[in-house]
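Listed below are the structures to be examined.
There are two complexes below, and they share chain A, which is joined by chain B in the first and by chain C in the second.
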Partner chain A sequence: MNRILALLPWLLALALLAALPQVLTVKYYLHLSILALIWVIVAQGQNLIQGFTGYVSIVQAGFMGIGAYGSTLMGLNFQWPLWATMLVAPLITALFALATGYPSLRVKGHYFAIVTLAFNLIIVIVLVNYSELTKGEAGISNIPKPWGGNREAFYYLALVLAASLTLLAALIARSRVGEILLAIRQNEDLVAALGIAAWKYKLFAFVISAMYAGLGGALYAHFQGFINPEIFGVAQSLDAILAVILGGSGTIAGPAIGAFLVVFLPEILRFADSFRLILYGLILVLATIFMPIGIVGIVKAAFARITRREARHGG
Partner chain B sequence: MSNHTFTRACAALAITLVAGSSLAAEKKLSVGVADALTGGGAVYGLPQANAVKMAAEEINAAGGIKVGPDVYKIDVIAYDDKANPTEATNAVRKLIDRDGVKYILGFCCSGSTSAVASFIGNEKAVMLVGNAAERSITTKKIPNLVRTRPPADYTGQAAGTFIARKGQKRIAVLGALDVGFYAQYVDSVEREIKKAGGEIIAREVFSLKDRDMTPQLTKIRGLNPDAILVVGYVEPAAFVYRQAVELGMNIPRYGFTSGSEEQFLRVTTSEQMEGVWDLRPTELTLLSASKNGVAYHANYTKKYNASPSPSSPYAYDQLYALKAAIEAAGTVDNTEAVAKALRNLAVPPQVVMQYQPVDGKMFDVNGQAYTSNGAFQWQKGKWVFVEDLPSDSKAYSQFLSTLN
Partner chain C sequence: MLIEILQQTINGLAIGGVYVLIALGLTTVFGILGIAHFAHGSISMFGGYLTYFLATSQGLPVLAAIPVALLAGFLLGVLVEILAYRPVRNANHINAFIVALGLTMMVEGINLQLFGHEQVVIPTGLTRVFRLGGITVPELRLYVIVAAIVLVVAMMIFVERTKTGQAIRAVAENRDAAILMGVNVRTIPLIVFGMSTALGVAAGIMVGALFAIAPGIGEGLVVKGFAVLILGGLGSFPGAILGGTVLGITESIAAGFISSAYKDVIAFVVMILVLLIRPQGLLGRAP
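Our next item is the complex of A and B:
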């Protein structure tokens, strides 16, 4: 019974999201929802390394870029079918993550963050300068879109993928691997003292996190039909981190909520004209200071307080 | 005719006139602007958005856009795209999907413009691009897209000829060379310099956010060039000019920046800028401006309490071109007809820039307009138009048509 109750909000959210294209009369909101669902995937990946393992990675957008360019270039240069390129994109990203993760994860804390930041910068520099392949800053346009660019169909694709990958993240979190990742976050030295090769688990989290980003990037490319290096810069990696923090780090629902916030909030704030970014920045600063446990953390704490009070009154 | 009959006739005439004028209903036409209103691109984007708003006010004051019996007053909805591709896509989606806008103007920066150009062909909308200079924007033959600014390499060719004529053989380049259209400009300059037996001896890069250029300049100084060529956004370019003087580099400085006096003087002094050349499309400066240009400068300065950036009339001209095209097409709803009318448009008399029509039309088959190119020099606190640069719009148009 408890399990069904726990699943209820998820099922409700899923039903609501599934009904969204039928409810929305203005397709602009559908466009934003698709972007948000892509960001759910990216943020769930970020949460695995940042929220569960405790390593703040600043290369998530760079990995998105590898997925986006990988899928696009395979399609354009080798005429691979779109679905095949989208499937292979996370695998290519995984290879890059393996190569970069192994040396990066030798350092901890701020040093790890700085190393990953440097990797993101390198990825952007390569995308800008290797213009024979990537067309540089001008970017690649007319990237094929599935179903001839039908946004409603793409929305359902993004929804299915976001839901499946959220479920996968939950399964990882509840598995023994997930428990070890949490233990690494709490006390990595203790994990090592127990004879567990922590580096393998960290690398696992980093690579899976990159694969999420790679798939997100491929989806982005085939949704927007245009990519250039600017989209995959450090600012976007910070958005992934923010999505996790705002929603609730180390929770499953948190990154999903955070992803919708980082996409919708700047758009909602358009009424503020040139003050929009100041307002957005201010909201983020205040949220980070006053809501360090994120929205999910606050809701959970409030729920616990209410149930405790009811139990006290009842008893 | 008795007095009574006369009165009745007058009343009937008055009723007819009132009824007739009510038939010519006044309607609203929403026009969108997607441009960089904040961030690094705002030096170009914000003046463009202002220019569109000003043009809309002028057109409305002069009676609006006349389509058959209807008169349309223009309402401008401007959104910030931060010169970012995702933001630009979101802004344009909002304009088309939510606000029901069919005509979208602005577009100062190439990355964000290319992102929108990649899907605008599938929309029942017309996109008018301003300052974004990346060549590929008008090589894709998108029927509902036109651009008022010529591509960077069209100007680069003319600039290269000018530099070669000045006799400088060893040119050091310092610029935002990771930005595609700046690199295209330099490539064109290099081709012309090589023809005259010269060479580019260095290609040093700065990013758009860099402010300290002394490492690159020190390296360039060691190579002992005859001149430097600076390509990039106004602010970093201004720092290069200032720091070149501070490092004692007393050599000719050429540039491709399109910044106003006010924008440069935020970073440098007039003395540090003295003698700098800007080799660019013949954009707005008071000394080169036509009557329209002088009026535009005065009106803009009065309205916004700041001088307009030289490239801002690209957006101003967009709205006048759109007005002429809508009136020629006789519809605001049929965007296909308006897009076609734009392609067949003669240069409207109200525009500020000095366009070089191809086959008598403002936009060529690619949807590209061409202005003349000019050599401007900083003299005693002002950009002074010195001479026209040789530019063959027809030949370039044919070249552009061959690209894909």
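Our next item is the complex of A and C:
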């Protein structure tokens, strides 16, 4: 009974999201919703390494870039069909993540964050300067879109992918692997002392998280039809971190909610015009100081308080 | 070849000096408070813009504008500590990092509001060039190197020789013991933030005079600063000095001999290699 009750909000949210394109009259909101769904995928990946494993990676947007450029360039140079390149993009990203994760996961905490940040900068520098392949800062336009650019169809594609990858993240979190990842977050030395090769699990989380980003990036490229290096900069990696923190780190609903926030919040703040950046920063600072457990954490705490009170009244 | 290497080394010393100043601020904040102060680069940029503004539209001589900007930096640092970092003092470290990100956005936004989005060069009027057996050293570059050395030495003397400096080191070493010994742990972070930010502003002014400052350069500066910390060892003073100098020279030689487009990549690769061989940094204590 309890399990079905726990699933109820998810089914409700899914139903709402499925009905959304029929309700939205402003085309631009549909556009933003698609971006938000892509960001759900990216943020769920980020949560695996940041929220569950406790390693704050700042290269998620760089991995998105690898997925985006990978898929685009394979289509452009090898004339592969769009679906094939989108499927292969996360695999290419996984290779990069293996190569970068192995050295960077040897260090912890701030070191790890800074090393991954350096990787993101390297990716952008290479994308800008290797212009024979990537067309440099000008970027690549006219990237093929599925269904001739039909937005509604793309929305459902993004929804199905975001939902199934959220489910996959939940399954990983509940598996033995997920338990070990949580244990690493809490006490890595203890995990090692139990004879578990922690590095394998960390690398697994890092690579899977990168694959999420790679798929997100490929989706982004074939949705927007245009990519350039700037889109995959450190600022966007920070957005992925924010999505996880604002929503609720180490929860499954958190990154999904946070993804919608980081896409819609800057739009909502558009009224502030040139003060937008200041306001966005201020909201971040205040949110971190006053609600550090994220939205999901606050809702859970409130819910727990209500049920406790009811239990007391009942008893 | 040898002359070219010497030339690039001297070029590297100037930019290395900038990195050392940035890194000293970051490493002191990190050592005392355990905060990765990501907004440091943006505040440095802000200081550069402020100096430019004072020296041009306010008509102040550059030599008068610089101390004003340094003082403004000190006060800004104090303010940042009280308003932004103190509230998350006892929370998870990632929270302070997120606060730093928010601060970065705010500083960038405020900077755009106040000074616009033009790229500017601080007018110093120092255009003479010294020649020394095939090596050319612009006067300005020499002064930057000297100023960086003076600031670093002053900071070292302050931390090593004064009572306040002793208290700072005590808090870094063992916060609880420092409290028991009567160190005021509420004012120490204020001094640390103020001084670190002033050093950052000095670095921003140097970048503005040597090259140019533009919105967004703060990110590059702070990342280089962190790279220096990793090279030298987090929280280590001599490490920051060595790391900054090494990074500046490596970058300069890489730009001169390999590729200027990829000089940052080379600098980061060096950092990652050091990390792989010596995870605690060149001069860091073994964990």
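Assume the second predicted complex is superposed on the first by the 315 of 315 C-alpha atoms of A that agree within 3 Å, B and C clash if a C-alpha of one lies under 4 Å from a C-alpha of the other, contacts with A are read in each partner's own complex, and residues count from 1 in each chain.
In this text, a residue touches a chain if its C-beta (ideal position, glycine included) is under 8 Å from a C-beta of that chain, and two chains touch if they have at least 3 such contacts.
Quantities reported herein were computed from a predicted structural model and do not represent experimental measurements.
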item	value
Overlay on chain A: chain C relative to chain B, clash or fit	clash
First, second, both or neither for A:241, with chain B first and chain C second	second
Contacts of A:129 with chain B and chain C, given as first, second, both or neither	both
Touched partner set for A:118, first chain B, second chain C, both or neither	second
Chain B versus chain C as contact partner of A:231, first or second or both or neither	first
Partner chain in contact with A:81 - chain B first, chain C second, else both or neither	neither
Partner contacting more residues of chain A (chain B vs chain C)	C
Partner chain in contact with A:141 - chain B first, chain C second, else both or neither	first
Touching partner for A:32 - first (chain B), second (chain C), both, neither	first
First (chain B), second (chain C), both or neither touched by A:277	both
Interface residues of chain A shared between complexes with chain B and chain C	128-129, 274, 276-277
In the complex with chain C, residue positions of chain A that touch it	56, 103-104, 106-107, 109-111, 113-115, 117-119, 121-122, 125-126, 128-129, 234-235, 238, 241-242, 245, 249, 274-285, 288-289, 292
Chain B-facing residues of chain A, complex	26-29, 31-32, 35, 128-129, 131, 135-139, 141-143, 149, 224-228, 230-231, 266-267, 270, 273-274, 276-277
In the complex, chain C residues that touch chain A	30, 36, 84, 87-88, 91-95, 97-99, 101-110, 112-113, 219, 223, 226-227, 229-230, 234, 261-262, 264-265, 268-269, 271-272, 275-276, 279
In the complex with chain A, residue positions of chain B that touch it	37-39, 79-80, 82, 84-87, 89-91, 93-94, 96-98, 110-111, 114-115, 117-119, 122, 134, 136, 140, 178-181, 183
